[in-house]
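Residue numbering begins at 1 within each chain, and the chains themselves are lettered A, B, C and D in the order written.
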Amino acid sequence: MIVAEELSRSYRRPRSTPFGPRPQVRALHEVSFEVVAGQRFGVVGESGSGKSTLVRLLAGLDSPSSGAVRFDGQLVSGRRQRDLDFLRSRLQVVFQDPMGSLDPRMRVADIIAEPLVAQRIPGRAERVAEVLAAVGLPASAADRYPHQFSGGQRQRICLARALAPRPQVLIADEPVSALDVSVRAQVLNLLSDLVDRYSLTLVFVSHDLSVVRHVCDTVAVLKSGQLVELGAVEQVYRRPRHPYTRQLVRAVPTLRGALAGITAADLTP
Amino acid sequence: MRSLVLGGALVGLIVLAALLSFLWTPYDPTLVDAALRLRGVDWAHWLGTDRFGRDVASQLMVGARTTLYVGLVAVGVAALVGTPLGLLAASGPRWLGELVARVNDLVLAFPALLLAIMLGAGFGASTGTAMIAIGVATVPSFARVARAAAMQVLTTEYVLAARSAGRRPLAISVRHVLPNVAGLLIVQSSVSFGIAVLAEAALSFLGLGTQPPTPSWGRMLQESQELLAVQPRLVVVPGVAIALAVLGFSLLGDGLRDRLDPRLKGVGDAGR
Amino acid sequence: MLAVDRLGVRAGELDLVTEVSFTVSAGERVGLIGESGSGKSLTATALLGLLPEELTASGSVRVAGVEHELVGAPERLLTKLRGSRLAMVFQEPMTALNPAMRVIDQVAEAREVHHPGRDRVLVEADALRLLEQVRLPEVATLARAYPHQLSGGQRQRVLLAMALANDPDVLVCDEPTTALDVTVQAQLLELILAGVAERGAALLFITHDLAVVATVCERVLVMYGGRVVEAGPVREVLTEPRHHYTRGLLDASDLESTDEHGRLHAIPGTVPAAGEFPSGCVFRTRCGRADEQCADLPPWTGVPDHGHACWHPVGGDS
Amino acid sequence: MIVLRRAVILLVTTAVASLVVFALLAVLPGDPAQVALGVNATPELLAKARHEFGTDRPLPVQYADWLGGLLSGDLGRSYVTGEPIAPRLLDRFEVTLWLVGTAMVIAALVAVPLGAFAAVRHRRTSGVLVSAASQLGAAVPGFLAGILLVEVFAVHLRLLPSGGWTPPNADFGAFLRGLVLPALSLGLVQAAVLTRYVRSAVLDVLRADYLRTARAKGLGPVRALVRHGLRNAAVPVVTVLGLQLATLLVGAVIIERVFVVPGLGSLLLDAVGTRDLVVVQDVVMLLVVAVLLVNFLVDVLYAVLDPKLRRA
């Protein structure tokens, strides 16, 4: 479904001398993997790992410095925005900050309808009502503005918008990290339900390995722009091969672990 | 809230006086009558007459018209030129943003007064040269505010979401950027209007703006400057009018800022 | 060491924190757990008397060895206590340091404030030693750096060094690791624990993360809607909670236990905005066990440091 | 590094600005020779005058000549009096600098404490009053303030002269007395504007996390603000101060007219009156360069105050 081939992306920083070259920052370096249809593919990485860059590249919102992204055999990378219509209707993204990803000046109905308007898909009003119901929001939500909702509800609105054009692939970029624990479980349940119900292929990006473990079947571990480990999520979690993955698994405090006597000193390498 | 009401009331009062002056003024503001020179305040002349015997209240009303006219055209020109420039600088390629910033720096080095002097030296000073000078000098404020605000909007996740929904850049500018920077531009308009009123008064005071016989607050002040000791009213009346107008627009700007977009508070502060 | 009694924080007519009572002894590590709007950060800020102007505190905060009540105490007294007896580490490492001042000067200042007249060379040496203690890497170079040249974890180390500068009796940490990566979090937790252990200081650790509290603390207070709903030893509260909110929170954060459909145990509804919690039991709008009785404020069962406030506690009345 | 970059930009901008000044005044209607000689001049005399002024040459040559003169310090001769412009310009500029410098100092001395006070006390009546007063003050035109000050201190109280100028080396006491009123009318209005900026900058700093950190260390409210707040608040304030210096240079033009001070402004307005275009051109250019230079210095100062910019 999605193939990343030797993906690299570097950014130029503003030059530090008036005439010298601009220093480069490598955000992603030769990352390759494949996401097959129906897979729940997790990407785990800490800050600076390049996971946000990866999301942008996969969604065709940015172009790689080298390498390629293919969606269902078609090249995504390096294309002009207007040639990506095939991607826009079939792949949708949910972002991290549910407040920041909703235009404060638009009504919920218009927000959800935006992909439909952009892609000239008819039957907007019915579809908006359908997806609102699917994400568990009342029909009356359509006429309200984002600031009138709580964090969890806003993330539902984001999910509704992503579902509106009936995509096959959903990319979720840290969808629950801005949410309270008591709300996080709801949104994770909803996400799982939706993926099942609409047979979506899911790419789930997170800094939290335990969330990825709950949601995904496969996981890729990124560190400093490089893919250090890739495999079945249970395999990676229980028998990490790369030292960094081992460190990552070890560093996550867990309730069970703590009650079993694991101290802070045990979390560090 | 208080700023909004007070500012709105002051601005409303001036607009009302200006509009009314089209239909009616107590006297012809340009009518010179030696017999009526320097009359004090009475029922016939609410604010007295000046040294040419012209009715001060009538001049003040028509002067409001000049003030608003100059402000409107100047701010209009500045907004219409500056806003698209700023938006373009924010959404276009880097070099374009850099170019706009440099042109801004250049225009900033030519304050309204210098432009008015240069234009006046060539074409002869008039309301027109004053308007153009003030307008051009105000362009950078709008370009800056529009650019800063648009850059902020363009980095938001909702713009990213719109792109991934398949929106084209133009649609994003119209549907997302413009509505979200509009509030700030309205605030900037009000603030710039106040500055334009001040600039117009200064230019007229120097004889570089509106020419006689058209009444203008700045010139009313200049003409009666030396009469301050004898007839302080003649200086105080236009002086207070100018100060209240400027105050009105700046209060209105503050009030609108709080009302329209508390989240963007501070973004436009450096524009002045 | 620290005794808090019926602490309240109000914004005008709005109660943001109500009747929070607890104690922390020397060397003890107490966790304060809560979600957004629970009032946990306000509680911490109120302890040091650093609430924003528009908020007012009521109730009582006492520190051992200080005659005076800290709530409403004169600013001069608080200034003397802050940084020496009571120290705090804040959540946002990005903004909590002065951007225009070298790191070492900021640490040195923490020393200097409470040791006026001390030789500048000695103060700098103290500061360097503190930075070494929190294991700031490449300390010789980074000490002379400005905050923006440091990573989030490094800045948080600097903040910890500042807080520990004068061997405080009480260290308050407000979500000190929330903004950090897990690998960095682990290192910082270890440093905090070592720091308080060496000094025999009392630790009040505020977080939203149950696992972190379980790792760091001996006792825990659970806050919701500006009130403490349950308190007790970590092991007891986190294995046999009495309040339904604690129960729900535990279930919701346990990503390994699911129901028969593979679904997580979620708490229904959303966390109300601060000041918009219901009267009576603050959790009743989201609680499965709520009935008419819950419209009345449930009384505290037990002692201040060990008990709960629920009409229908989990596991019945004991 | 940033300094070098800004310096390059300054040079380019100045060059473009000179082109703008020249072009604006060159393409404008009006023949200097005609103006100098009057309407009755014979064609021969006009041609001779044009040759003398150099206005019969092609525009690019005139521009190059003028620019070359600027760089070597030769600003040409007045069309009207025939005198060299440079010495007179420098004399006048000195007067304006005294005026602007004093006004700037007054504005800063008044605005920084008042603004900080209004910010610290923003919830109390005293703070609100200060900020209301500054808003009102900012609405008063400088020339009006000048007229009123003259009325009070010169006409009624007879404490200070109503106008005129004594050079500092002639009679320092008289110089100071003559400086007070124009500098005050220029400075106080700017102080009002500046107060508002200082207030908002200090308010921002008061809400900053690092100030809370400083308080948590045990610094008292005032000490924390002075040690940690003011330097950070200075960054936006310095920018405004720079922009204001430009405003003051131009504002001086008006104030000099009110107080009959022989500064650049009077020179400029007189030159406009007599249509002495080459003088207008030189004075405008000088003012523009001054504004650009000030903005450049502000950028440099900015980099010094904000360590984040020093490296970038």
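Just so we're on the same page, a contact is a pair of C-beta atoms (placed from the backbone, for glycine too) under 8 Å apart; a residue touches a chain by one contact, two chains touch by 3 or more.
Note that the structure is predicted; figures quoted are calculated from it, not measured.
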item	value
Intersection of the contact lists for chain A and chain D	B, C
Pair of chains joined by more contacts [C-beta pairs], A-C or C-D	A-C
Per Cα centroids, the chain farthest from chain B	C
Rounded Å distance between chain B and chain C, as computed from the means of their C-alpha atoms	52
Separation of mean Cα positions, chain C and chain A [Å, integer]	31
Between chain D and chain B, distance of the C-alpha-averaged centres to the nearest whole Å	21
Chain D: positions in contact with at least two other chains	none
Interface hub residues of chain A, defined as touching at least two other chains	none
Sites on chain D touched by chain B in the complex	9, 12-13, 16-17, 20-21, 24-25, 27-30, 135-136, 138-144, 147-148, 150-151, 155, 193, 197, 200, 204, 236, 239-240, 243, 246-247, 250, 253-254, 257-258, 268-269, 272, 275, 277, 280, 284, 287-288, 291-292, 295
Footprint of chain C on chain D - complex, ascending	123, 207-210, 212-221, 227-228, 231-232, 305-308
Residues on chain A engaged by chain C in the complex (per definition of touch)	46-47, 150-153, 180-186, 188-189, 192-193, 207-211, 213-214, 247-248, 250-259, 262-265, 267-268
Residue numbers on chain B that touch chain D, as the complex places them	102, 105-106, 108-111, 113-114, 117-123, 194, 198, 201-202, 205-206, 208, 218, 221, 225, 228-229, 232, 235, 239, 242-247, 250-251, 266, 269-270, 272
Residues of chain B touching chain A in the complex	156-158, 160-169, 171, 175-176, 179-180, 263
